[in-house]
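Next come the structures, one after another.
Two complexes come next, and they have one chain in common, chain A, joined by chain B in the first and chain C in the second.
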Partner chain A sequence: MTSTVAGRTTAATANGVGSSPARPDGTRKVRGEFAYSSDLWHEDMLWGATLRSPHPHARITGVDVSAAVAVPGVHAVLTHGDVPGLNRYGLEHPDQPVLADDVVRYRGEPVAVVAADHPETAQRAMKLIEVTYDELEPVTDAEDAVHGDVAELHPGGNVVRHAPIRRGEQTPQADVVVTGRYEVGMQDQAFLGPESGLAVPDGHGGVDLYVATQWLHVDQQQIVAALGLTPEQVRLTLAGVGGAFGGREDLSMQIHASLLALYTGKPVKMVYNREESFYGHVHRHPATMYYEHGATRDGRLVHVTARIYLDGGAYASSTGAVVGNAATLGVGPYDVPNVSIDCWGTYTNNPPCGAMRGFGAVQAAFGYESQMDKLADACGLSPTEIRRRNAMSEGTVMPTGQTVDSAAPVAELLDRLEGMPLPQPGSTADLRTLPGGVSNTTHGEGVVRGVGYAVGIKNICFSEGFDDYSTARVRLAAVGGQPAVTVQTAAAEVGQGLVTILQQIIRTELGVEQVTILPMDTSIGSAGSTSASRQSYMTGGAVRAAALKVRGALLSHAATRLSRTTAELHLDGGKLASVADGVLADLVDVLGEAEFDETVEWRHRPTEALDPETGRGNAHVQYGFAAHRAVVDVDTELGLVKVVSLDCVQDVGKALNPQAVVGQIQGGSAQGLGLAVMEEIQTEGGVIRNPSFTDYLIPTVLDMPPMNIDVLELADPHAPYGLRGVGEPPTISSTPAIVAAIRAATGKELLRVPVRPDHIV
Partner chain B sequence: MQGSDAVELVRPDTLEEALAAKAERPGAVPLAGGTDVMVELNYDHRRPEALVDLTRIAELATWSASGGHVRLGAGVPYTRLIDELGDTLPGLAMASRTVGSPQIRNRGTVGGNLGAASPAGDTHPVLLAAGAEIEVASVRGARRIPADTFYTGVKRNALAPDELITAVHVPSAAVPAEQFSKVGTRNAMVIAVCSFALVLRDGHVGAAIGSAAPTPRRVPDAEAFLAAELPWGTDAPLPDSLKRRFGELVAAATEPIDDVRGTAEYRTHALGVLARRTLTWAWDDHRGSVRACA
Partner chain C sequence: MIPFEYRRADDVSAAVDTVARNPTASFLGGGTNLVDHLKLGVATPEHLVDVSRLPLDDIEPGPDGGLRIGATARNSDTAADPDVRSRYPVLAEALLSGASGQLRNLATVGGNLLQRTRCAYFQDVTTPCNKREPGTGCSALEGYQRYHAILGASRHCVATHPSDMAVAMVALDATVHVQGPNGSRSLPAEELHRLPGDEPERDTVLEHGELITAVELPPLPFAANSAYRKVRDRASYAFALVSVAAALDVDDAGTVRDVRIAFGGLAHKPWRAHRAEAALRGGPATDDRAARAAEAELENAEPLAGNAFKIPMARGALTATLRRLSPLPTTR
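Now for the complex of A and B:
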């Protein structure tokens, strides 16, 4: 099979782009043999432990480590004074102490770290550290943080970012106006592999760190600054990552373990337990959103006015970028002539919030999709019809002034969803199909079915003028009588399957079956973060570009050896061939002793910053769209919900690996289901009430229904292979579709997610 | 590991050895499936002087039936209870099916549930409603504690420091008019927001609530009302007014709190609903048996 992409004939081979070969790490993961970061081990290593603040807001008046230091087996007890470089780090602003100095700003903030020869010893010594605090009043409400008379938690105030978006008439009039106040609770990434890693001192003042992360180079930058070292002295290698979803973008134990390793001269391992993990990573921003939608009587949007408050918690993390997304995507995938949005990201004394799959778009979608349903009601239209009448399409101008310049098939997604068969009425014979499951709460009593629709929009790749690039090295040589390629990047494989598609890209571009993905580390340039649905686009793009350079060099080399012109040659399943004469030679023979080795730094087209007053600017690279239809059975007397079906249509531009694409859609939809009906970190006065998987619930197989999934491939001409980032869009529309279905079943307003049983009864 | 506060692990092969160990070390914590105890140890929420591993004592993992009772060894895991006693102890099997995940049910035991005595423990309402007795033993001898005097406070039970739970004695269902129902905010693998058990047997009514008071407890007013009002021995359907009154009496007997899993108000409301529904289902079972006998 030969396919033509961007005018070039690609090499035909099995298991290339568009097929679904097995993951290189799949068997080991299924068999439990894959080494995750928490499995790391080094002879003579020490174990680290972290003392954390019990208060959400307090001034530290004293730290006494003497009892901890005296424990036999303890090698080091370090506090802020032991941080040799800058005692601050952060993704956007270095505002977070490595170890707290004067003030703690959240419950769980690291105050001291211990290294000992046994994890128990480290834990016990840690508990012997005496810290005295003067408790301060915590700021726990994001709106108060912006407008109220509360303490300033950081110099410059409590607003991390305010992003206004202004388009058209700012005081518009409309025939039909609906308003609503919506809340999104704090969701957790709930990755299964806790924060963990191993720091090994090199004996010359530097350190090698093996860690589960999403972006090796941005970790390295922050560690280097805190340790006062050079990048050459701090080398990172990706350890096995047990899920990420944004929660590994910020540092957790990286600096602490490195500091302890340098101080003790011994390798130091740190592994958080599940409870500590809830304190050890950022969460999804909780949101409070005020929306007003105006429309003509026939349901055409006239204006959207919104105020969105995102609670960033104690430190900035990526709050600024999350605000940018919520603001620019705040009206959803609709064509709206008049827009006035204000989005604030704030500091409070709640747990720090940052990146999580959907990144600002999730929160906004619950607001604008709830409003679209309300507007449909007010206009006497169906939920799909109101959306179709306002659906954006290719050529639509966003509220930022940016023209959507590739496929935006919003109406088609809805049409296809409506065309899917609806599930049969539930059987009361099998408890597992009913709300409550085998807990035997209903045999059909009180159960009402509802159907809901939602569409979402997400920017793909980094936005707002960020210099977004990825680096890839591709090397081709004959190994053991076979052509073989090695691929090196620093792109974090976090479970999503990048390692599989990089192999597929090489097979497609070079016709070589045997592709080895080298360990990801900082010996090569940055690949950017595994986030923003960007790695297929960016590191896929970089690997493809490097492969094309290798192919160019190889064809020149072959042309010389075979006395042909480069133009007539192509690669075909491990052979060199010409159009006229067919196969000319085995690639391995042409290669001989030659080696082709190319490194490429690859960028997507540039984006622009948003105007700080108007929010205008071509801020985004690409937009991704997904739509869901949820069917739910609700036990209206008990408020229990069974999602019966959750169907999805998503445009992915090009499915590089169709099985992986479907997996992303299933997983993203499940995460959206979790936010709809159960997942929330509950806080009270800044303190997490449920830091465990006993009480932070994530969907089980009995909560997540089978899905009908329809994948569209409408190529984006700007993107490698025409692909469109896949990972985030299905998380966005899943939540509002399910809530819409629950509203349809119950008639309740349901202004907050997750929907709890007592909201329904 | 440093220090003298290491946890001693005692691994007796017989019940006598276990009772002797418990008598010597009253602070020792018995360990069967470990699904509760090991979590607490791993999080350092608890550091007992010793653990007494009961898994080598074969007799604890057996059950027998005679004279309308089942003697269920404290170490029989939920999975076996479900597979082997599903028809004989239908209420207890229903509750067991709602415990944790399959892996937890493979390890966890009714004995462990009783030892922890959590107000949210899944088997307690059924043991209360069925009129079960908890058999406990020490070097001083064995005794039986009725379920309704077993739960003495939040996570406290009537065991003396030197006693171990050896078995529960549960009346088996000649007629399977037993129901258990539990509300959780997830459709599987969830701790009870509240739970309810109902057993109807020859003019006798047992009804109990879980996770809605400091301890699992019976609801005597509701039981007495139902025992008096049910048209026993007939297959007549129940009037809605009777079901509603029963629900109200159950709701009135709750003493719930607001916590991270749900509100007090919701728990009271939900128990009223569960009471009405389980009464309908249990009475349907009773009617079926009346018709079968006719």
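Now for the complex of A and C:
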């Protein structure tokens, strides 16, 4: 099979782009042999522990570490005064203390760190640190934080960002108007591998850090600033990552372990337990949203007006970018002539919130999709018909003024969903198919079925003028009588399967089967974050670009040696071939002792910042779309919901690895199901009440139904291979589709997720 | 973690003696609850006496034709026992609705009865809690109340008992056999757990050093027609919001001859629903009468702001459970 990309003939070796080869890490993970960051070990290493604030808001009036230091086996007890550089870090704004100095702003904020020869010793010493606090009134309501008379938690006030979007008429008249106030609870990423890493001092004032993270270089920048070192002195290597979903984009133990390692001169390992993990990473922003939708009598949208409040918690993290997404995507995948959206991200004394799969688009989608169903009712239309009448398509102008310049098949997604067969009415023979499952709550009586639809939109890659790039190095040489390629990037493999995709790209571009992905580290330039559904696009794009340079150099080399033109040569299955004469030579013979080594820094086309007054600007590089149809059975007597089916249609541009695409859609949909019916971090006065996997509920196999999945491949001409980021869109439409189905079954309004049994009985 | 001494008990009397003599000692069963509490700092015993390997794991016919279940029988084994499954299905169902397979493989009958509350404040050592630290106050009164009591609570404590198994045993009129430093005694399962009153730190009437050795189920022929229903936030591995254990005896005319009902998730103890039972006896087992029986039982309920939903949920759960056990056609 050959295909033409960008005017050059390419060859497809087995297991290239478009196939689903085995993951290089798959077998080891399934067998339990894969080394995660919590498995790191070093001779003579110490164990770190973190003392955290028990109060959501308090002034520190004294810290006495003397009893802790005196514990035998303790090597260091450090507080803010021991931070040699800037005692602040943060993804967008350096507003978070490495170790609290005067004020703590959330329960769980690090105050001191301990290194000891045993984890229990460290824990015991930690409990001997005496911190005295003057408790302050916590600010726990995001709307109060913006409009109320409450304490300013940071210089400049409690608004991290306000993003207005203005389009068209600002006082429009519509035949039909529906309004609603919607809430989204605080969801956790609930990755399985807790925060962990190992810092090893190099003996010359620098440190090597092995850590599970999402973005090595931005970690490095923040660590360097806090330690007062140069980037050359702080080298990061990605350790085995047990899931991320955005929760590892912010620092956790990185600076603390490095600080302890440099102070003690010994390697220091830190591993959070599950409870500490809930305090140790950011969560999805809880949202309160006020929506007004106006339409003509026949259901064509006239306007959308919205106020969206996102609770960013104690520190900014990525709140600014989350606000940008919720605002720019706040009307959903619809063509709306008149828009007025105001979105605020705030500081409060709740746990810090930041990146989580869907990143602002999830919250908005629960608001606008609930409204679309309400509007459908008011106009006497079906939920799919109202969406079709307003569906955006290629060429639609977004509320920001940006023209959507590749496929936006919203109507087709809905058509395909409607065309899928509906599940048969539940069989009472198998309790697992009924609400409450094996809890024996119903044998079919009192059960009502409902069907709901939702569509979502997500920006892919970094937006709003961010210089988004990835760096890749591709090296081709003969190794042991075979052509072999090594690929080096700093792109974090967090379980999503990027390492497989990069191998596939090399096979397609260079026709070489043997591809080694080197450990990800900071010895090469940044790859950007593993977030925003961007790594196949960005690091995939960079690796492809580097591979094309290698191929160009190789073909020139071969053309000279064989007295041919490069235009007639191509690579296929480890051979050099010409169009006219077929195979000319084994690639390994062409290579000889030569080595082709290219490094590329690759960018997507630039985006623009949003106008701060109007929100206008070509802010996004690509949009992704998915739609869900949920079918639920609700036991109205007990308020229990069983999601019977959760079908999804998504456009992925090009499925580089079809099996991985389906995996992303299943996983994203399950995470959306969790938000719809069970997942919420319960906070009370800024304190988390359920920091365990016994009390924070995530769906099990008994809660998640089988899915019908339909993948569209409508190529985006701007993207490598035409691909469209896959990871986030299925998380977005899953939640509102399920809630719509529960509404259809029960007639309840259901203005908040997660929906619990007590909202239904 | 605080250092502690661990000892594996060889026989019952030595185990009882060791714990009774030492106020800082605790029995350790399957460890599925106590070990969590050690990690959280909720429990700080200095000595652990592991009773899980004592030869008390037999499940055998009782002297009066009932069934005697040894205290160290694992939950999985009890749930799988053929006599339990056929004669007391409510108990098998209750056990299987609790925790996960791995936990049930470890958890023991005695330990499960002594399981402590899942109240978030009880488990968070930084908050006031009268059950954990008497006299410090009850944080749940003004706090997160979703899993808390609506019956029999006090201003000192609104926690609920989390066990599913215990609810079934209370419905079945089980007897708990106990050995203590002063000999052995037996008490009805219904009287094992206490209401909180002004001593919420005491979950049960057992004295320090008393060890549960067995639970005896009486011969109750109509218990073969029994069921357990559990309403919770996800399909498995979650604690009950409300649960119902019921056994129903209906004559050929459809009249309730006898009935046993207990609720979980509503109180500091498994709540035996005597009022509901009385309301049901002598009349047909219809949905309507079941709902009214539930209402009679819940008449004195005092829901908190955050858990009033438990009243309609308990009514619905009882109605649904009895409907399943009743031969009458559904009269919804």
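Criterion: the second predicted complex is superposed on the first by the 759 of 761 C-alpha atoms of A that agree within 3 Å, B and C clash if a C-alpha of one lies under 4 Å from a C-alpha of the other, contacts with A are read in each partner's own complex, and residues count from 1 in each chain.
Rule of thumb we're sticking to: a contact is a pair of C-beta atoms (placed from the backbone, for glycine too) under 8 Å apart; a residue touches a chain by one contact, two chains touch by 3 or more.
Nothing here was measured: the structure is a model prediction, and the numbers come from that model.
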{"item": "Clash-or-fit label for the pair chain B, chain C on chain A", "value": "clash"}
{"item": "Which superposed partner A:E120 touches (first chain B, second chain C, both, neither)", "value": "both"}
{"item": "First (chain B), second (chain C), both or neither touched by A:P54", "value": "second"}
{"item": "First (chain B), second (chain C), both or neither touched by A:G73", "value": "first"}
{"item": "Contacts of A:T700 with chain B and chain C, given as first, second, both or neither", "value": "both"}
{"item": "On chain A, the residue positions that both chain B and chain C contact, one per complex", "value": "120, 123-124, 273, 275, 432, 436-443, 445-446, 637-640, 642, 677-678, 682, 689-690, 694-695, 697, 699-700, 702-703, 756-758, 761"}
{"item": "Chain A to chain B touching residues, read off their complex", "value": "71-73, 118, 120-121, 123-124, 273, 275, 432, 435-443, 445-446, 637-640, 642, 677-678, 682, 689-690, 694-695, 697, 699-703, 756-758, 761"}
{"item": "Residues of chain C touching chain A in the complex", "value": "1, 39-40, 93, 96-97, 118, 120, 124, 126-127, 143-144, 146, 227-238, 241, 307, 309, 312-313, 316-317, 319-320, 323-324, 330, 332"}
{"item": "Partner chain A, residues of chain B touching it in the complex", "value": "1-3, 42-44, 94, 97-98, 179-191, 193, 260-263, 265-266, 269-270, 273-274, 277, 280-281"}
{"item": "Interfacial residue positions of chain A with respect to chain C in the complex", "value": "54, 120, 123-124, 273, 275, 432, 436-443, 445-446, 635, 637-640, 642, 677-678, 682, 684, 687, 689-690, 694-695, 697, 699-700, 702-703, 756-758, 761"}
